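This structure is in structure tokens; I'll ask about it shortly.
Read from first to last, the chains carry the letters A, B, C and D; within each, the first residue is number 1.
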Amino acid sequence: MQTTKAKSELNLFDRVLDLLSLKPLGAIGLVILVILPLVPPFNQEYLIRWLCAAALIAAASVSFDFTAGFINIVNFGYYAIVGLGGYTSAILVDRFGISPWIGIFVGALSAGLLGFFLGIVTLRLRGIFAAVMAWFMGLALMGLATKAVWLTRGSLGLRVERLFDSPSNLPYYYVILAMMLVTYVITKGVTRSDMGLAFKAIGQNMDAARTSGINPVYYRIVNFTLSCTLAGLLGGFYAHYYGILTPEMMHTSKTVEVLAVAYIGGRGSLWGGAVVAFPFIYAMEMVRSSLSNLPGLNLILYGLLLILVMIYYSGGFAAFFQQHFSKPKNIILYYLVNGKKTA
Amino acid sequence: MITEYLKKLYETIRSVAGITVVLAIVVAILSSIFRGPYIIVNTVVTGGMLALMSIGLALVFGVMNVAQFAHGEYFMIGSLTAYYTFIPIERYLGANPNAALSFLAPLVSILAAFCMGALMGVLSEKLIFYNLRKRSRTNWVMNSFLLTVGISVLLVNGHQLIFGTELKGIVRYWTGRPFCIMDVFVSRDRCYAFILSVLVIGLFWLFMKATRTGRAIRAVSQDETGAQMVGIDLSGIQVLTMALSCGLAGIAGASLLFMFPSYPSVGLDPLYMSWFVIILAGMGNVLGAVVGAFMVALLKVLTMEYIGSGWDFVVPTALIMLILIFKPNGIFGSDVRGVLEQ
Amino acid sequence: MLLEVKNLDAGYGFLHILRNVSLSVEKGEYVCLVGPNGAGKSTTLKTIAGLISPIGGEVCFDGETISGLAGYKVARRGIAYISEEMNLFSNMTVHENLLMGAYTVRDKQLEKNRLAFVYALFPQLEGRKNQLAGTMSGGERKMLGIGRALMCNPKMLLVDEPSFGLAPLLTEDVFDSLDTLIKEGGTILVVEQNVTKTLDVTDRGYVLEHGRIELEGPSAELARDPHVRKAFLGV
Amino acid sequence: MKILETQELSKQFGGLIAVNKVSMHVKEGDIVGLIGPNGAGKTTFLNAVAGLNPPTGGRVLFLGEDTTGFTPEKMCHRGLSRSFQIPRPYPKMTALETVLTSAIFGNRLRKVKDPVAHSRKMLSFVEFPMAEETITESLNTLQLKRLDLARALASNPRLLFLDELAAGLTEGELGDIMTLIRKIRDQGITILMVEHIMQLIMSVCERLVCIQFGNKIAEGPTEEVARDPTVTEAYLGRQKKKECSPDTHAGAQVG
């Protein structure tokens, strides 16, 4: 929406930030995430492992929110699509011996293809029906992964070649962090363009959008395809990071985890989920490891938080932030939160 | 007169619903002839329990527009309650045998499960749906659906936290030799479970058709404003509906305890199956759900028979997706207004 | 005074429709509320019936304040509201619909009496006792709607657009039945866009425009008023 | 020149015929009013022409082209725009974004150079009283109506449908709306409006089409239609006193 003239007045740093759709505060957060695993006490392997899990959930919640928060369709089979990407990549690497780095992208493509298909079949369906459709699609995929033993080894689990030879988690962390950034930059870039306006319009009022000349078919398919491609990419990482794939990873409860993070972070914000994921996953893992005599407590907190946010604060963390921190009086703080004024 | 009836019957059969039902019956009979009567017996026994689950689901959707994701969890609560009621009684019976009590014990457990399920239903309505309804009704179907997702997570892990993950099951409710029906041996438990489900569905039907409150529930599902106009207390009916629906799921869970031992996520399979049923039959269509339950049961049994166990999940799912694409209203049609628009 | 509305303000959400509306209905009176479409007539009735909660003002019925009560509580006090689209239970039979109307009546004998009364008033309904309400024609639905409202022996009827979607001949029929009710001692507040007809049959009327009461008086006087003609046809 | 013409246009929902073989036309530069009692099928007619609910019979000719059954987005690109009876624009968007959707996507064929500037122009054209960053959820009726109008205008339509633009407005606001409608027409935009408020119809419209029970019962210059006895009857009810009741009863039972 900014004119090109305003853009050229920015200095290089701000221009890069603008290109990445990041505010200065976001950039600082990113830098912190980059150096975090290098400083004690975070440099322990199990803590880096948590960081990896958090970054994965963060990235997933961003691409999940790209569909749920904009065109208002909750993709309930999200993690099954992640799983499809993972399995495709893993099988290709296993059978044909190609590099995992290529496998990940082929996996993403296959997931994107499914997303395209899903976009077409859910075209006539609205709201809950589309969600149920995606849900069953996910269940069917999981069933297939369980039963096609010759291909996936079923519930025995498929061993997958890892991306790096070293047992350290650090390189994986940087890979997933980069993927998270890519996911965010792509989705944010798309939603900042005209297309984002079209997504929001068909999500909020289909009739008005259509009489304004927006073709819902096209935008829905584009949205699903993109979101699922990104999901497939993350699936590839999942496969080559954990080194083993079981059909259980495609389970609805995994989608619920992503959904909870995305909604607690704030629907339609994209960044909310990514920001919330890190402290959230850390807190959950802390609860799980320190209160191991109380199994499931962390997930109870999950459910409780989701319910509370849904009822009492439907905007989530992003809305909270917008309301209380987005307009500080201090110039420096204002710059940090909102970036350089471009208009 | 008779020709008129025949004509009407013919018209009904010619509709999509009629064709499907007739087809299902024909398939059931044919496969029983080729493979053995156990197919019909299995279908009927599975279908009865599935029907209990599905009518609860359909009811809540019809009356409150809530698409329950947590329905399986009430099944789980039912089985858990039955387990913790039945075990002490059985232990007591081991010490002091008593014929009358041993006959009553399963019934007491199932009744307890119904009450517990109903109680949890009331709690979820009072604590959760009521609050959401009060705060915002925009995008209600989707938001309430996500709330039930939260409830599901809560209950599953609550079970794990309090009772652990181990299987809590019993061998049988009723002692005695299995019955022999059509050359198939059917355990007493299965038989009684079926009889119980028929009984409960019958009672439920009677309640909905003949009592004042039952009529009020139906009225609310057909027109909320109209119901208020004739003096029906909406929130009371909503609480009652939730209690009934969850109680029915509880009964299903309790009476199948010998098949599905209670553990945290035991409700998932029944949940999926009952969702298949209501998508197949049309969301919110209670009578359709009963018929649909037997059809889904048949589909499941046939898939296991002809394709192999484990595929009983994939094949119905694929079919349901086709139904969603081509007939999102279900084959018996959805009674709920405005679902497609939301 | 059976029904008294004092300085009522109401609307849907932030859509403010009624502004300072005051009206009253005596027992046994036949009062109409006329006005162009979108003036807020239906909103007035819905607010009295408790389906919309008022923003300001007060509604008194039988000496007690009923504004702010939930719809079902208002219904139980004896105000029967008949909406434009009837809100029938379309998958129930005519008979079941009527029984639903008597939901608040606990007395079986009274219920029977009311049923007989309604069937006497609308003989067509008795012939179609077992038909589903959703399959009936517009006129029959209207009669069923009125019949259902009468089942609880209401102290007062609020009728929203009895002619809505009806051919003129059927409209006459519906008005005839309202007339009968008045003769038997009923109280009716009717909202109508068919002005001449309404002013012809009612005792007293209010003219509502842009959410305000513009005129009030005996119906015969209102019918002669040049402003009324202007409001409806702009001539 | 006829900008819009319908030939025996029908719309049926199940067994209910909401619009029954309505033939009418709108000339370029006109302001035409579509009137009729509640539930007569006016909005259904607009939806059938605009493609939101495609017609079940008859033809629609828009700018000389057969557009029967076109999707609303296609109609929008051809130059037909509409405002909604109950404006429910995008609740979570700002006012500017709402208008932008139309400015960007409604002008696919005649691209607008600077959609933001164009949208701002539209907002000031309809005299939208609030800041452009206001979230639409927090607007009141009049503001929403103006915003919806700006949205409809931003796609540079040749023909504009106004669906009960004045419903729910006070008398004072009515005058503003009248001025606004005339201002839109002076931009060269033809208007077909569904309206109930006769005051507005009489002062703004040049021609009227009246429908009742889905049938067209009158069409012509405003004064003529307003004097038409069938129209008067549809609005005011029958003037004559009650006739012999046996007849009415017989009729009712048949119907």
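Basically, a residue touches a chain if its C-beta (ideal position, glycine included) is under 8 Å from a C-beta of that chain, and two chains touch if they have at least 3 such contacts.
Computed from a predicted model, the values in this text were never measured in an experiment.
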Graph distance between subunit B and subunit D, where chains that touch are linked: 2
Chain hops separating subunit B from subunit A, counting only touching neighbours: 1
Chain located farthest away, centre of subunit D as origin (C-alpha): B
Separation of subunit A from subunit D, taking each centre as the mean of its C-alpha atoms, in whole Å: 43
Centre-of-Cα separation between subunit C and subunit B, whole angstrom: 42
Subunit A and subunit C, separation of their C-alpha mean positions in angstrom: 54
CA centroid of subunit C to CA centroid of subunit D, Å: 30
Residue numbers of subunit C (touch at least two other chains): none
Contact graph of the chains (line, ring, star, complete, other): ring
All touching chain pairs, where touch follows the definition stated at the start: A-B, A-D, B-C, C-D
In the complex with subunit C, residue positions of subunit D that touch it: 37-39, 138-141, 164, 166-171, 196-199, 201-203, 213, 226-227, 232-233, 235-239, 241-242, 245, 248-249, 251-253, 255
Residues of subunit A that touch subunit B when the two form their complex: 72, 74, 121, 124-129, 131-133, 136-137, 139-140, 143-144, 146-147, 253, 256, 259-260, 263, 294-297, 299-300, 302-304, 306-307, 310-312, 314
Residues of subunit C that touch subunit B when the two form their complex: 49-51, 70-72, 75-76, 80-83, 86-92, 96, 99-101, 103-104, 148-149, 151-152
Of all residues in subunit B, those that touch subunit C in their complex: 212, 215-216, 218-219, 222-223, 225-234, 335
Contact set on subunit A toward subunit D in their complex: 1, 194, 197-198, 200-201, 204-205, 207-216, 268
